[in-house]
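Following this line, the structures themselves.
Each of the next two complexes has subunit A plus one other chain: subunit B in the first, subunit C in the second.
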Partner chain A sequence: MNPATNSGRALPWALVTPALGWTLLFFVLPFLAMGFSSLTAHDGGGFTLSNYSQFFTNPAYWQAMVNSLQVTAIVTLVSVLLAYPFAWILAEQVPERWQRLALMLAVLPFWTSYVVRSYSWLLVLAQNGVINRALTDSGLFTEPVQLANTRLATITGFVHFFVMLLTLTIFANLKQLSPSYRKAAADLGAGPVRTFLHVVLPLTLPGIMVGAFLTFVLCIGDYITPQILGGNNELLMPQLVMMQIGRRGDFPLASALSIILMAIVTIAYLSCARWLKIERA
Partner chain B sequence: MSINMKTMNPLSVLKSHLRAACAATALLLATGSLVQAADLNALIWCDHADPALLQPFEEANGVKVNVKEFEGTGAGMAIVEQSQPGDWDVMVIDSIDIPRGVEKGLFEPLPEDKLPLADLFPQVKMDSSTVVDGKRYGITEKFGYNTIGYNKTKVDPADMQSLAALTGDKYKGKIAIYDYYLPVIGMAALAIGKKTAELTEADLPAIKDELLKMKANAKLVGEVTASQTALATGEVDILVGGGEWVTAGLAKENPALDFSIPKEGAVLWSQSLAMFKDSENKDLALKFIQYIMSPEGQARLATSSCYWGMPANTKAALSDEQKKILRFDEQPDFLARAQSYPAPNADLDKKMQDVWTEMLQAQ
Partner chain C sequence: MRPSTVAKVIRIVSGLYAVAIYGFIFLPVGVLVLFSLQATSFPIPPFTGPSLRWYDAVLADTRLTSALVNSLLVAALSSAVAVTLGFLSAWGFARFTLPGSALLRGLITLPLTVSYLIIGMGLLVLFNWAGVPKSLLAAGIGHVVINLPLCFAIIYSQMGDHQINIERAARDLGAPEWKVLLLVTVPVMAPAIFAGFFLSMTFSWDEFVISFLLTRFDTTLPVEIWNLLRSGLNPKTNAVGSLVFAVSIVLVVFFELMLLRRKPA
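On to the complex of A and B.
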């Protein structure tokens, strides 16, 4: 054996070991522990599938998943619809020298705490908040409208956050797009709308899908926003998981619910995997 | 040459670095545990994190009190289970949950002769929970009521003398519900004429109906901060499950907030202090418990910045104004009308939580 060859083989392994170790320690092992826990009884009994069967047989638990999927789908769709034109304006309409500043301003809300941002929305949407004051003072409504502590409030809080995230991914994709594509489309007689629909949009689909997937994953697993803004008028999956831990410390059921949530995320990943592949030169 | 090759091998380099890192970590941990050994480590609720409460004890004993806040007995027990024996010295816990800790072998019996038990309000000693097999494992330090908190300038105080006001049409959309299933289920039980100490699974359908009626009138179901904020900002006028723990701390800024003990009664909550069996600082832990139970400690705990509550010790050194805000002199009447916190067994507890989940999901 040539020592130099051995050394050459060992180097990549040495470089990848920290990442593998990290993944093993902070993902694989906790995941296995969670899987094991989900198959045990809360009272310390042996193997059981009852934690999973509870989810499928209790309509209130099942409803939490339906609520989560509905909220996540709406948030993802609305965020994409708002972020795309915003990213397009930044990439196409804002002069190159101002783009960095504009992008920084666009992501400025990222700099504030997530919790503070959610409570701020609660104040804005409250009965005596800015929006209700404007609605009643302008005479559009005689009584304040219930905006806070609703699903709408939860969606608003989420969209505010995820539009920024999606703007970044779509902006990056738009900037990578060579101007030659548009020129070629124009040479072939396509107008701006047709060029956008048949050239720009399909080519920026990976950026949209990456952002949408990130939005989906972060949104469906978020506890803070629905807890603060939703007023517990309906439960989402993360809230249901937390409920099992608070007083009763039912970690097996919480684990089973978390694994079901993870399965949904995995399905979402597989659905858009073709757009999430890393391009290799 | 072979030595040189070994030195050049990245895996060997990594291995030696890992060894060095492990040694450094072990050293740090050893140093850390030495530092911790001289301190008092307390698992607490937020009212114990107030520097005004902790500083006098720290200064008097020349120690540092390291605190970790948690919410819910389950979460607290999980922290203990994930810690090393001896990591924690004392714990604040729902009085009704002390037997859970004893069953897990966590707590140390407390010396009754060194605690001011005779000075406590008799009704809050909670011996059925704090004494197990003849040994005292906890001492009630603070209590209060889960009842009706309200803004007296927005609602008719006379209406707040009955739990029926919570399900009628008059205050629809003006109500928030405190998001903790045990006390609010207790209130629903009181509303339908049940005794909180005698609840069984057979009572749950009627309790659920009552909860659903409350939910239909409610704008939100919120945890401590959310429900407190909703009442304080005028988002709602009534808080189901509220009491002095919501209104007293806000009395200066918002004197319109008050609470009632309706004719059907209220649910008595109480929190206790327990000492860990594996504590390495049992003497200091006992000193801490004695300090919290002293008239001065009780006054500071009762008026903690996180939330106010009634001190368990009748001799708490509260000012006249503080006593007035806490309605100290009315306690004998309140206690006579209050019912105990529901203390279900594990099976009924789970079913109660499921009823609560169904209530939250109801539209």
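On to the complex of A and C.
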């Protein structure tokens, strides 16, 4: 007897059910619980929309979302602009046999813990840190400059992380381009600049979009970097969410704010979904 | 300008740019490691070391060392669960046509698009209601949620027709289904399984916000480091941060070597 025919439809379901069950139980159900919680009042009582209306009426909450969107937009733009030339240099100027090593080096700090990486920037940017010491020692400034606990510090920390991430994705993209495209462009008389602008750049644009979207999602949901580097001078959305849990134990409001944050990411996803095709190899 | 001059200019500008970016990437890590060797009590210039006193302080701190063990344990176990569930489901979806397959696959990969903060928040609300206490187990469950879609996507994308044919051959030769799985599919898929496992390990090892929300007294290393940050700039934090960096690099280099080994030059 062949067990494959014997087991019929039971086997495939037995294979996929554990993963589906885990996702339903620990991802979908928590999400529903959060949705339900967001519709209840903090001090008990029944159904209410006040957690959501608070977001639209309280200017401090609204401001946190504006801050988040601004920081995320700046970080995404700056990271792509810094990473693209770097990935291009690694893919086209570095000799083939050194490329793997060069890339691995370029993303090595990517693998340090997130908390540690933000703390490291604090060392660099602090009032008596490395940069301020260099500035005052060189005589350019007589007083240390306020660098830590600013939006600039948050952005620097983020850009550092996402330049590495985007270098990885854009590098992979550039390497996938067949050299025959470039050869064809050269044969048709295009110089290096025109080849880049009319052939290489358009062909790598979808990859850039995927990387930029990834940056957007990870950046807008991150709590650590703004908390450590930005301080509490201005709040971003994740800080606002954590504040509700930490200080006041207000789960309903934290849930509502999380769902609003997720809605923003979903809107961003839908608006660039047609550039984001992830295919099976 | 002659083409060779243009190429030369591009090379020089490229070199300068690459040096600047490498500098930017390594500046914070360099400062972190340098001042972990500071002899005095503040990790700020001037450098007074080298001294290993802060590494001694870290190793003597039982909160940190037990958090390190917790982190490794949570990473290893949650990654094992994630890669097992990911592999079984990838195999099921790649080999059999199931009704609503695309939708179900979408469901499994859905957590990839949601930030860790929201996954952690959801579990916190659910566990709070269900009366599940905060613990390493709760954090481990969360780590499986974030790593399962990753393992599934990696393994599923590597299951091609080539593997189907090998399995078919084994079945034709009379191997029962469990033997096909263990003796054919798992060895053939080993690179993807390793990739999933090690990526999960590094993500779980680094993960902060889920562990922060779902653990209380016994916690993971990133959360314990976070607690250290309250004391401000401190060479001890530099030392423990450098150790975490070292562990991550060992994982990554090991992973690289595994990848290189299976590639013929």
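Convention: the second predicted complex is superposed on the first by the 258 of 281 C-alpha atoms of A that agree within 3 Å, B and C clash if a C-alpha of one lies under 4 Å from a C-alpha of the other, contacts with A are read in each partner's own complex, and residues count from 1 in each chain.
Quick note on the criterion: a residue touches a chain if its C-beta (ideal position, glycine included) is under 8 Å from a C-beta of that chain, and two chains touch if they have at least 3 such contacts.
All values derive from a computational prediction rather than experimental measurement.
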Per-residue contact with subunit A, leading partner among subunit C and subunit B: C
First, second, both or neither for A:149, with subunit B first and subunit C second: first
Partner chain(s) touched by A:20 [first = subunit B, second = subunit C, both, neither]: second
Contacts of A:228 with subunit B and subunit C, given as first, second, both or neither: both
Partner chain in contact with A:61 - subunit B first, subunit C second, else both or neither: first
First (subunit B), second (subunit C), both or neither touched by A:10: first
Partner chain(s) touched by A:34 [first = subunit B, second = subunit C, both, neither]: second
Subunit B versus subunit C as contact partner of A:109, first or second or both or neither: second
Which superposed partner A:128 touches (first subunit B, second subunit C, both, neither): both
Subunit B versus subunit C as contact partner of A:251, first or second or both or neither: both
Contact residues of subunit A, present in both the subunit B and the subunit C interface: 3, 7, 11, 13-15, 122, 126, 128, 228, 245, 251
Subunit B contact footprint on subunit A (complex, rising order): 3, 6-7, 10-11, 13-15, 17, 42-43, 58-61, 63-64, 67, 122, 126-128, 146, 148-149, 227-228, 231-235, 240, 243, 245-251
In the complex, subunit A residues that touch subunit C: 2-4, 7, 11-16, 18-20, 22-24, 26-31, 33-34, 37, 82, 85-86, 89-90, 93, 104-106, 108-109, 111-117, 119-124, 126, 128-130, 133, 160, 163-164, 191-192, 217-218, 220-224, 228, 238, 241-242, 245, 251, 254-255, 258, 261-262, 265, 269, 280-281
Touching residues (chain side subunit B, partner subunit A) in the complex: 5, 8-11, 13-14, 71-75, 77-78, 173, 179-182, 219-223, 226, 229-230, 233-235, 346, 349-350, 353-354, 357-358, 360-361, 363
Subunit C - residues contacting subunit A, complex: 3, 6-7, 10-11, 14-15, 17-18, 21-22, 24-29, 31-32, 35, 42-45, 85-86, 88-89, 91-93, 95-96, 98, 104, 107-108, 110-111, 113-119, 121-126, 128-129, 141-142, 144-145, 148-149, 152, 156-158, 160, 171, 176-178, 202, 205-206, 208-209, 213, 221-222, 225-226, 229, 233, 237-238, 241, 244-245, 248-249, 251-252, 256
